[in-house]
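Next come two complexes built around subunit A: one with subunit B, the other with subunit C.
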Partner chain A sequence: MANIAAQRIQREFKEVIKSEEVAKCAIKVELVNDSFTELKGEIAGPPDTPYEGGNFVLEIKVPETYPFNPPKVRFITKIWHPNISSVTGAICLDILKDQWAAAMTLRTVLLSLQALLSAAEPDDPQDAVVAKQYKEQPDMFRQTAKHWTSVYAGGPAKMPELDDKIRRLTDMGVEEHNARVALSSYNWDLERATEQLFS
Partner chain B sequence: MSTAEEQPGPSKPSGSATDEKERDDRTFECNICLDTAKDAVVSMCGHLFCWPCLHKWLETRPTRQVCPVCKAAISKDKVIPLYGRGATKQEDPRNNVPPRPAGQRTEPETSTGFPGFGFGDGGFHMSFGIGAFPFGFFTSTFNFGETRPSPAPRGTPQFEEEQFLSKVFLWVALLFICWLVLA
Partner chain C sequence: MNFFFDVVLNAFIRMLQLFWFGKRRISNSLSIYVKTNEGNTLCVDLDPKWDIKNVKEVVAPRLGILPEDLKVILAGKELHNSTIIEECDLGQQSILHVVRTQPGRNRTRKLNLPQDTIEELASENSDVNESGSKPMNETLTDLPLEEAEESVTTISEQEQEENRAHFYVYCSAPCKSVQPGKLRVRCERCSSGAVTVDRDPQCWPDVLLPQRITVHCENDFCLPPLSVTHTEEIESQILYAKFYFKCANHTSLGETDESVPLYLIKPNLRKVPCLACTDIRDTVLVFPCEAGHVTCLDCFCDYCTARLHDRHFEFDTVHGYYTLPCPTGCPDSYILEVHHFHLLNAHQYEQYQRFGTEEYVLKAGGLLCPQPDCGMGIIPQSPDTDTTDEECRKIQCIGGCGYVFCRRCLQGFHVDDCETQHPVLSSSQNPATGTYAVDPLKAKDAKWDEASKKTIKVSTKPCPKCRTPTERDGGCMHIVCTRAGCGFQWCWVCQTQWTRDCMGNHWFG
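Our next item is the complex of A and B:
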């Protein structure tokens, strides 16, 4: 790995650890290996959003050309959000693509992702199904995102009605996550989800 | 002697002095490598970089050259090198990196007297021409600076010729103006 990349990540790592956001438990960075090429990030779901109370784990891969090119970041924790793929965790965010600037740091990237959770851009979606729901049925979207937060990110919400629908499908032999995806995609319409799963 | 040497001494009261020094050092960190800026340059928007770092950034995106901090337009010609006092040892010749752009110096302006209206050094010349009015007017009126060839010395045939021509032009001009007024 190029010297400048490793050196800079080390400096940034120290900066993040000292930052006030870490003190507030809003963001966190951990090393995955000793060569500073891969890190594990964590952001707290911002307050007053369906993600509140959840902790979202991110995979951060630092290219050799860092900081001249952006780090490769994706969500490991499954999340229901218009700009994040519910399947792969891939993120659609301009600063991680063409709007990257060399002065941005791990800290600013994590804070930008946290901001993305509070302000989605449904017109520039990564997950078309989620974006459509976000625009057409905002209440349904909030319910779904809250449910995913509680299941995958340790969120506090209890939604027995949704859990019940999932149980109906798992009883039919459907894997739980697949059941959840089908129901989420069809606005929790049990009939249509079943139809899609068994067609 | 210097305060920098006193600070790490044993009589240091608390962490505050080192904190302050650290903060001072960080003010002069390159925004790209986060190290103290070497071969420092500053952009028009006021952001500090090492020249090798900034050069590499500009090369990474040749079509979209923006400041890495504030995304203002930036280019090689629009950065100013910073020359500190204990600065640049040339022991680290950077290959592939062109030398940092030089500072621009403009000489202070010394105002000289007005160069004159083209009357030459002595005699007055009358010339007359007909052309497309505004342009001919400008070219004949505003040719400051370029002095006309000085008139021929008095007494030579050329001098008399020139005087004669000058008078002829004067009369033609007067006639033309009269004609313009009367017509």
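Our next item is the complex of A and C:
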């Protein structure tokens, strides 16, 4: 890795550590290796969203051309969100692509991602299934997102009804995460989810 | 009488010379040319420790005149007697201009002087010629990029010292690199260097733009005689300075040895940290944006390298330069002196030039030869309008590899229809369809892709619109072409325009 990228990341790392958001436990960043090529980020789900109470872990890879090219960021924690892949955690966000500018930092990236959790952009490139639900059945979307938050991100919500549906499928031998994905995708319609899983 | 006068004068001068060279051994001698306004050029060895008075005393006898009848001019300034040579940015074989002032003045007085000590003579003379000033390089402070408001604050000598202007140039020969530069000035009309500026430049526009600063030209033949007082005549009496730069690293190769000023490179007087690496370096590049964002030269090179790699240089729409803006994305921040890209290494600069040329060709409706090792820019004679005309479809790489190919599909030339239904791997938009639909299977087999497999990693695919190699390492399948002026949004999987279907089916693979 070029020295410049490492040096700059080190400084940004310190900036995040010292930031008030860290003091408020809203964002967090950790080193994965000594060479500053990879970091682990964490953002708290924003209040008044289905992600409230959850902690979302991010994989941050710093390219050699940083800061002239954006860091590569991916959600490690599984999340139900129209702009984030429920499968790979990939994010389609303009500032991580062509709208990146060298003045942005780890802190601004983490805060932008937190903002994305507060305000999804379903009309921008999106995870089609999630986006459709987000637009057509907002209540269902909130339920599902809350459920994913509680299961994968340590969120507080207890949703026995949804857990029950998942158990029905796992009893049939379906792996738990697959069951959750199928049910989430079919608006928790047990019959259609089953159909899809066994077709 | 006159004869006798000359004999005595010459004897005196010879003694003076002897005395000088006996007394002062020239260490580190500086070989410079002295040019007079009468057309003589002398080669003189100077000691950098001497002052201008000493110079006059060495030069004057060789011109047969008295030292106090001389004016020494360098870079638009008449130099004061007390100026030490090493304070001036003179290099080996630099040119000093010497001008005779009011010939004959003080001669009689000189003759009456006792010829015993030089010191006495010196003190006697010191009040005779006290005109002139310090050299420009001593007085000039760092020039702002824009015209600044008049600042009346007087600065201390130390601040003056710290703020002293430094110039950087690209020396195309013999150094072939970025070097410290020296500011010089000549008369805009007659090109003589024997001019004095009426004021120092205050900002870069004063230096770069014509007719900002007036000069007094010592060339007697420069000004037309002022006969009648016509308005044009008066205007013709105004002479302007023409500033230029010389490389300070190599021995001057004469008056035509000029270098391009890299005015965005500056000494980091305000100790601004580099926006990329955050180091505070001595020399930085200040972008021409309102904020004046700063990178160190290493980071500037990294920035250019990264953009070059993605072919992400842009066209400045106003002037048409193939260039880069401030890396923080400021508006109106394009680098307009593209010689700054000489900070890149020679190979990269060559690549920059090649990409630039190719982009110009594409912009002009031309295309690039599809042969792997060629890539020659070709501007076809006729536009591709007649869909049935084979001749306008047939392109030969003249001046390049000679390959004859089909303009539409960029395959070897063929008589029948192109194999694909929507052949669009051509740079110029097909006027018939106006779209860029590519058969994914064909695109995969397209020549460019074949060729690129040899040299470019598998993680690279050509932009379906402009064929620029594009890298994808992780992230989603939605690719935005990084090439200037393209920005095509395409799908990594289908290698066609990004659609809702792509989004639904394989957005993340």
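As a convention for this text, the second predicted complex is superposed on the first by the 197 of 199 C-alpha atoms of A that agree within 3 Å, B and C clash if a C-alpha of one lies under 4 Å from a C-alpha of the other, contacts with A are read in each partner's own complex, and residues count from 1 in each chain.
In the analysis below, contacts are C-beta pairs under 8 Å (C-beta built on N, C-alpha and C of every residue); 3 or more make two chains touch, one makes a residue touch a chain.
Since the model is a prediction, treat every value here as computed from it, not as a measurement.
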Checklist entry - For the overlay on subunit A, clash or fit between subunit B and subunit C? => result clash
Checklist entry - Regarding the shared-chain residue A:V32, is it in contact with subunit B (first), subunit C (second), both, or neither? => result neither
Next on the checklist: Going by the contact rule set out at the top, does A:A115 touch subunit B (first), subunit C (second), both, or neither?
Outcome noted: neither
Checklist entry - For A:A102, is the partner it touches subunit B (first), subunit C (second), both, or none of the two (neither)? => result both
Next on the checklist: In the overlaid three-chain picture, which partner chain does A:I17 touch, first (subunit B) or second (subunit C), both, or neither?
Outcome noted: neither
Next on the checklist: By residue count, which of the two partners contacts subunit A more extensively, subunit B or subunit C?
Outcome noted: C
Next on the checklist: Which partner chains sit in contact with A:A128 here, subunit B, subunit C, both or neither? Use first/second/both/neither.
Outcome noted: second
Item to check | Touched partner set for A:C92, first subunit B, second subunit C, both or neither | outcome: second
Next on the checklist: So in the superposed three-chain picture, is A:P67 touching just subunit B, just subunit C, both, or none of them (first/second/both/neither)?
Outcome noted: both
Checklist entry - Between 19-27, 55-63, 91-99 or 307-315, which subunit C stretch has C-alpha clashes with subunit B? => result 307-315
Item to check | subunit B and subunit C footprints on subunit A, overlapping residues | outcome: 4, 7-8, 11, 65, 67-69, 98, 101-103
Item to check | Complex contacts: residues of subunit C adjacent to subunit A | outcome: 275-279, 293, 298-299, 302-303, 305-307, 309-310, 327-329, 473-476, 478, 480, 482, 487, 498, 500, 503-504, 507-509
Checklist entry - Given the complex with subunit C, which residues does subunit A contribute to the contact? => result 2-4, 7-8, 11, 61, 65, 67-69, 72, 74, 85, 87-88, 90-92, 96-98, 101-103, 125-129
Next on the checklist: Touching residues of subunit B toward subunit A in the complex: what are they?
Outcome noted: 31-35, 47, 53, 56-57, 60, 64, 66-69, 71
Checklist entry - Which residues, counting only subunit A, touch subunit B once they are in their complex? => result 4, 7-8, 11-12, 65, 67-69, 98, 101-104
